[in-house]
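Each of the next two complexes has chain A plus one more chain, namely chain B in the first and chain C in the second.
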Partner chain A sequence: MTRYVLRRLVQIIITFFLFQTLTFFLLYAQPGDIANQYLLNPNLPPDAAEQLRKELGLDKPPHLQYIQYMKNFLTGNLGVSFTNYPRPVIDIIKERLPRTLVLFFTATVISFYVGFALGKLLAWKRGGLFEYATTVVGVTLYTVFTPWFALMMIWLFAYKWNLFPTGKFITPTLWRNTPFTANDVFLRMIWTGVWGGVVAVAAYLLFRRLPPPYRFFSGFLALFVGIIAAVIPWIHSPMARYALDILWHMILPIATLTLISFAGTMLLTRNSLLETMREDYILAARAKGLPEKVVRDKHAARTALLPVVTSLVFSLAFAIDGGVITETMFSWPGMGLTLLNAVVQEDIPLAMGAFSFTGMLALLAHLAADLLYAYLDPRIRYS
Partner chain B sequence: MSRKRLLLLAILVIAAMVLAACPKPTPEKVVETVVVTKEVKQVVKETVVVTKEVEKTVVVTPTPTPEGAYVERPYRLAIFEDLTTTNPWSYYGPNSTVWNGYVIGLMLPSLYGYSDQRFDWIPSLAADFPTPLEQEGDYWVSTVKMKEGVKWSDGEPITAEDVAFTVNAALQLKLTDNWEAAYDPEYVDHAEAVDTYTVKFYFKKKPGLARWQFGAAMGPILPKHFWASAVEEAKKKLEGVDPNDEEAYKKALEEAHKVLYTAPADGQPTGGAFGLTKWEKGAFVQSDRNENWAFKGQHVVEYKNGAYYEEVPGWYEFCAYGDCSGDVTLDYTVGPYVTSVLHNLYGSQDAAILALQKDEVDFMLNPLGLQVGLAQQLEQAGNFRVVRNPSNGFRYLGFNFERHPQDVKEFREAVAYLIDKEFITQRLLQGAALPVYTLVPEGNGYWFNPDVPKIGQGLSREERVNKAVELLKSAGFTWDKEPKWDPDKKAVDPGEGLKLPDGSPMPEFEILAPSAGYDPMRATAAIWIEKWLNEVGIPAKANLTGFNVIVQKVFVEGDFDMWILGWGLSLYPDYLCDFFMSDSGYNVGHYNNPEFDKKCSAFLEETDMEKAREQAFELQEILSTELPYVTLFTAPILEAYNPEVVQFPYTETLDGIQNWNGMPSAVKLMK
Partner chain C sequence: MSNATATVTVPHKPLWRIRLELFWKSLRTNWSLFVENPIGVIGLVIILFFAMMALLHPILMRTVWDPSVYDPITGYDFEILRHPAPPSWRHLLGTDPLGRDVLSQLMYSTQTEFILGVVAALITVSIGTMIGAVSAYYGGIIDTLFMRLADLVIMLPFISILIVLSALFKLNMLKLALVIGILSGFGGVTVIIKSQALTIKVKPYIEAARVAGGGDWHIIFVHFVPNLLPLSFLYMMFTVTSAIFSEAVLSFFGLINIRMSWGIMIHTTQTAGYLLNVGQYWWLVIPAGLAITLLCSAFYLVGRALDEVVNPRLRRR
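For the complex of A and B:
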């Protein structure tokens, strides 16, 4: 196993190196350079654009820029953003990442939970009105034009019914005199999520040791304990009302993201479960006279979960990217918008920084998925 | 989750979407004859629900608005891109984005500025106009007396020391970008504080209006007591570095700039009506009212005869540009009437429009204005007023004079006649653009020459074709088959085999233009220009390509025939020389006219406003006949606001309300 992990790590490093090289030259291949933007300002003396080009290192040939970039990257220096000159790229990523993580991790987890629960039901209760209705609604939403749908959600729930804000992640008038920044609250929310998750998992492992009648509720109990553990530190915190403000702003984008994407997991779960249900051990479980719910949840769903979990792991890795459309529509300035603006404005260091994070996490997610497979499915062993 | 609940949820979601898509019931259209018995100057809102044709007399009793009936609360503005810095050195340097300007621009005072609406050059921190330039040893000098009693927000007085500090720091540290444009090191040598409220500028050579009045005198001024340590820190990077060692000096300068541009700006005092107090990155920027602002309650009057008057009761009065009496075109009193300015960041214009309609923001700042569709949507909503202002810029067709026959005047004139700007703006672009005939937009009243010939305006297609053929023939162009107007088909019988004056076939050439994805207006114009040129046998081909490709080919490589791009302009029209003087870096079409160069040099050196105006008129006349550019059209700036919520002192202004940062120091909020 150790040898396998080491080998995969070496492969990941090589793949990452190729990924970086390809991305750099793809971005570089864009016509023009950022200094040309300054050419369109006649009030600017002509040599100022040239000086800017030098300051940004754009006067060097591409291979030298590439070598410099890689050298910097390997020493942990992602360079300086052209459009936020002379602000380091890593600063910008640190600022935008927490907002994206909170929104997209939450949305991804909820969407997978809804998708998985519905997928299970679909596979088990086939042929009814419920299956048709859910599939049609799910697939419609899955294929809907996202900007339009997001705008409709805002228009309906925020503008027409005034239930939620039209966008943004905080209410400016509330935050005017706060002694902390929104990112402080976001970071605390992330740590709360991690802490609540760890407590919930620990509680689950503990409750599973309970005798059978109580063991049945172990999942709900663990979730309850996790939520309590997460909430307690906030009770007397001055940040609590501001965290609630952020949560309030999150409802609409999360609902939109969930409605748009749950169908993918739902159909994957349904198909996976339908295949599992044809297995002999399901027949054996039914033959033993086990209740349908136990056969579905304990026997079939756990095996069917494998591809779904893999998909979830990849989605979580790509959550770092955020979503350009969602972030634009909901005025949620995270990594998605940063990446888009960096590419449009030819801010190569910033775009490379954002891509590097995505690439690195995607590759690590592949490794995690491989390892998770081996853990979840005893039939798989790596050598 | 039970099956029934899920089903119910699904049905509810679908029902909600269907409901959302249902249009609002439109009231039945009513034909109504209204007889108004007297002239009514106040707009009164009335809701009339009538189901049949009626005839009625409306008697309107205007309800007087109580004086000063405004509320003091934050003024909420929508912006679409976040700030990239709050450091004014950096803002005037490499981070000179319009979005930074909306916030930081509220804080930076200057000696002189522009008057409202008319853009007269008027004193701001200065007490009066500067002394005439005079020679003193090797230098040309001018002295400015400053107003006494003006303070930074932290209570420190704004003095000549601050002015000299800012100018000298920019020059000594060789700051680039807009710093270089304001305090041009080719002209400005240094500034000196003669006494607390008198500053003297030293110039290496005699500066014209562009370098002095509209350059250094309008440059930003920063508080010495706040920034002195950062500037000293930056200067240390240059200590011991030999300026003759180019490489080492360049590196030291870069280091010095970095130090200055990254110096913390938190708590910086403001010299404007508002000062930045909080920047929540990605969400909003808060600028609170400067309680020490000396210009509070300033009264501004502009007269029809061109005179300008301002006063702060009990402090000073100022009158310029004529006799301050007679018909008034603008009269208002400066506030600020709001407690603070909140610049709220939105991801898109759609999101901001919804926020505006939901009363989450009071006004939207956008240098490009509203999209036509969104403006119409707001107009139809009923309670919004859409303001349409000309923008200070134009889209144009440029010629490369180094390629034949673009260097032939008659050829360029023929092209200008063939381009039907009214057809493009009114028929093709459905009024989304306005035709432009001159290089100085009409809205820039002081510098606009109204007598410049407007080639082709109001001509029919037949007249255009005939005129173009006549011009080409007069220059020696010939055809195998001459183009003719066919009165039966009401179309051109196209020309074929166009030959240059030397008898050789006219080579095919390319018109570079931005693609429809970048700018559909310019792309549409390019396609029609190609068609109109082809009709008379000119083998032009529109190449719709990426904006960056055009910039690269035109401004860097010089590999092009004709191109279509646009310019945003400054108010002082020295860009006429930037674009067309033979040695200018922006003269990419290589227009070369010694007479024009001579007049330009005189214009750039002119220090008298009236004479400079006359020279600018002459330059416009030359360019309108020589045609190195054919100006095409300009997109007006559309902006919307709810007059029941926001009241501006005026809304008609070049480049729109956004050009005045949303007028936070004069706006009144009614709700």
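For the complex of A and C:
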């Protein structure tokens, strides 16, 4: 197992290098170069432009530029953003990365849960009106034109019914004269979330050991305990209102993302379960006279879960990529919006930084998928 | 005497006719399997509907619609004072903020979307099938090379790459189709097609072909590729969905060099500031968004239904 992980890590590092190389050559192959940003200024005399070009290292041959680029990247020097001058790119990314991660992680977990539950039902009730209706609705949501769908959600829930804010991360008027920044509150929220999650899992493992009649509610109870554990530290905190404000801004994007992506898990679960249901041990379980629900949840669904779990992590990578769209529509200041704004405003250092980090996240998600898969499937043992 | 040699006419069919008949037969079986699933039929009906729209547009432009008013890009209706105008008999879906007919734009864009989707899908599938067959057939270093490449491509953030690419270079429709085709061709499709090709590799007829003296390329083209085509066709459907979707997203953000498309229609609405007035100006946002969604999901649905035809394990007993 350790050897497998190491091998995958090496592989991912190589892939990441290739990715960075690709990024560099994209940058290099574009018409003109980065200095053109400054050179468009007509007040700049030609020799000053030449000076600038020299200072930025653009007069060197490409392979030296490439080495410099890699060196800078590995030492965390991604340059200075043009549009947020003089903030370094790495600083901006540090601020925005957690926002993207939290948004998409939450949405992926929820949509995975919903999709898995629905997928089980679809496979079991194959061929009925329920299946066709759910599939068509699911696929329509899955392939919906995301910007448009997000817009419809904003229009309906934020504009017409006024239930949620139309977008953004915080309500500026509320945050006037606060002694802490939005990021302070947000980081604390993340830690609370992690803490609540740990407590919930621990509680779940504990409740599983109860005698049968109580055991059936262990999932709900664990969730409840986890939520309580997460809420307690906030009760007397002055940050609580502000945290609630951020939460309020998160609901609509998360709901939208969930609606868009649950069908992927649902359809995959259905197919995977349909294949599992042909196995002999399902027939045996039925022949034993076990209730349908037990056959479905305990015998079939567990095997069928494998490809679905892998897809969960893949879909996280996919979601972060597609996040450009959702974040833009909800003006959620994460990596996606940063990438798009940087691209539109031709802030090349920031765009390249955001792009590299999106790629890195995708790579890490893939590694996580492999590990999870190896852990879950006893038939697979990497050596 | 020449008449003595009686010519016996053997009912000899040329090979191509036998092949055609076989093809026709398998098509009919697959069709009946496909029709069994209403999901695929729904998708097909939607695709046909849009194909009709695409075909009807040039005809309407020649006959009923005056080009100076109804041209999707340069038209302007002077008889209406305020644009965007709500739907009327003159403009069934109203006009956009620049005074152009929305229905005409919608129909005109359908052609573009079809061309883009089909070109991207053809490129994807040609690359995927070729590489899949070659790496399954040869194995070894070629296989490793292409599969690692596929791993890399799968991990790339697709939309972000397209955004960065279209920002750095000015992409037009064909270049976009090429980029989408190459990116998805070298990625996931290759891996899936290769695993299918591996099951073909161990079939007896491959052995037979090799014994009969068939060369490598002959075996790949005559025995591998035709057997991979059903799967390739299936993945064409999914590629069309992703191509249309990507184009719409890029157009919506105004990053691409296309004159008219569904995404650009919404982009125009956005730049003119009517985006959040969906209730009042629904015809500016709903038709285009719905068209993108419907066509994307139609291809996806057909792909799903084909999956059940191609993959016997998903079939009903």
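In this text, the second predicted complex is superposed on the first by the 332 of 383 C-alpha atoms of A that agree within 3 Å, B and C clash if a C-alpha of one lies under 4 Å from a C-alpha of the other, contacts with A are read in each partner's own complex, and residues count from 1 in each chain.
Note that a residue touches a chain if its C-beta (ideal position, glycine included) is under 8 Å from a C-beta of that chain, and two chains touch if they have at least 3 such contacts.
Since we're looking at a predicted model, the values are computed, not measured.
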First (chain B), second (chain C), both or neither touched by A:Glu327: first
Partner chain in contact with A:Asn84 - chain B first, chain C second, else both or neither: first
First (chain B), second (chain C), both or neither touched by A:Pro172: first
Chain B versus chain C as contact partner of A:Tyr159, first or second or both or neither: both
Partner chain(s) touched by A:Val343 [first = chain B, second = chain C, both, neither]: second
Partner chain(s) touched by A:Asp184 [first = chain B, second = chain C, both, neither]: neither
Touching partner for A:Leu118 - first (chain B), second (chain C), both, neither: first
Partner chain(s) touched by A:Tyr142 [first = chain B, second = chain C, both, neither]: second
Chain B versus chain C as contact partner of A:Leu363, first or second or both or neither: second
Residues of chain A that lie at the interface with chain B and also at the interface with chain C: 30-31, 151-152, 154-155, 159-160, 166, 328, 346
Complex interface listing, chain C residues touching chain A: 38-39, 42, 151-152, 154-161, 163-165, 167-169, 241, 245, 248-249, 252-255, 262, 266, 275-276, 278-279, 285, 288-289, 292-294, 296-297, 300-301, 304, 307, 313-314, 316
Complex interface listing, chain A residues touching chain C: 11, 15, 18-19, 26-27, 29-31, 126-127, 132, 135-136, 139-140, 142-149, 151-152, 154-155, 159-160, 166, 267, 271, 274-275, 278, 317, 320-322, 324-325, 328, 336, 339-340, 343-344, 346, 351-352, 354-355, 358-359, 362-363, 366
Chain B-facing residues of chain A, complex: 30-32, 36, 38-40, 42-46, 48, 51-52, 54-55, 83-87, 95-96, 99, 117-118, 121, 125, 129-130, 133-134, 137, 151-152, 154-156, 158-160, 162, 165-170, 172-173, 175-177, 181-183, 259, 327-334, 337, 341, 346
Complex interface listing, chain B residues touching chain A: 1, 3, 6-7, 10-11, 13-14, 16-17, 19-21, 74, 76, 81-82, 84-85, 90, 94-95, 176-178, 180-181, 184, 250, 254, 257-258, 261-262, 278, 280-284, 286, 340, 342, 344-348, 350-351, 354-355, 357-358, 360, 546, 548-549, 551-552, 555-556, 567-568, 570, 575, 578-579, 584-586
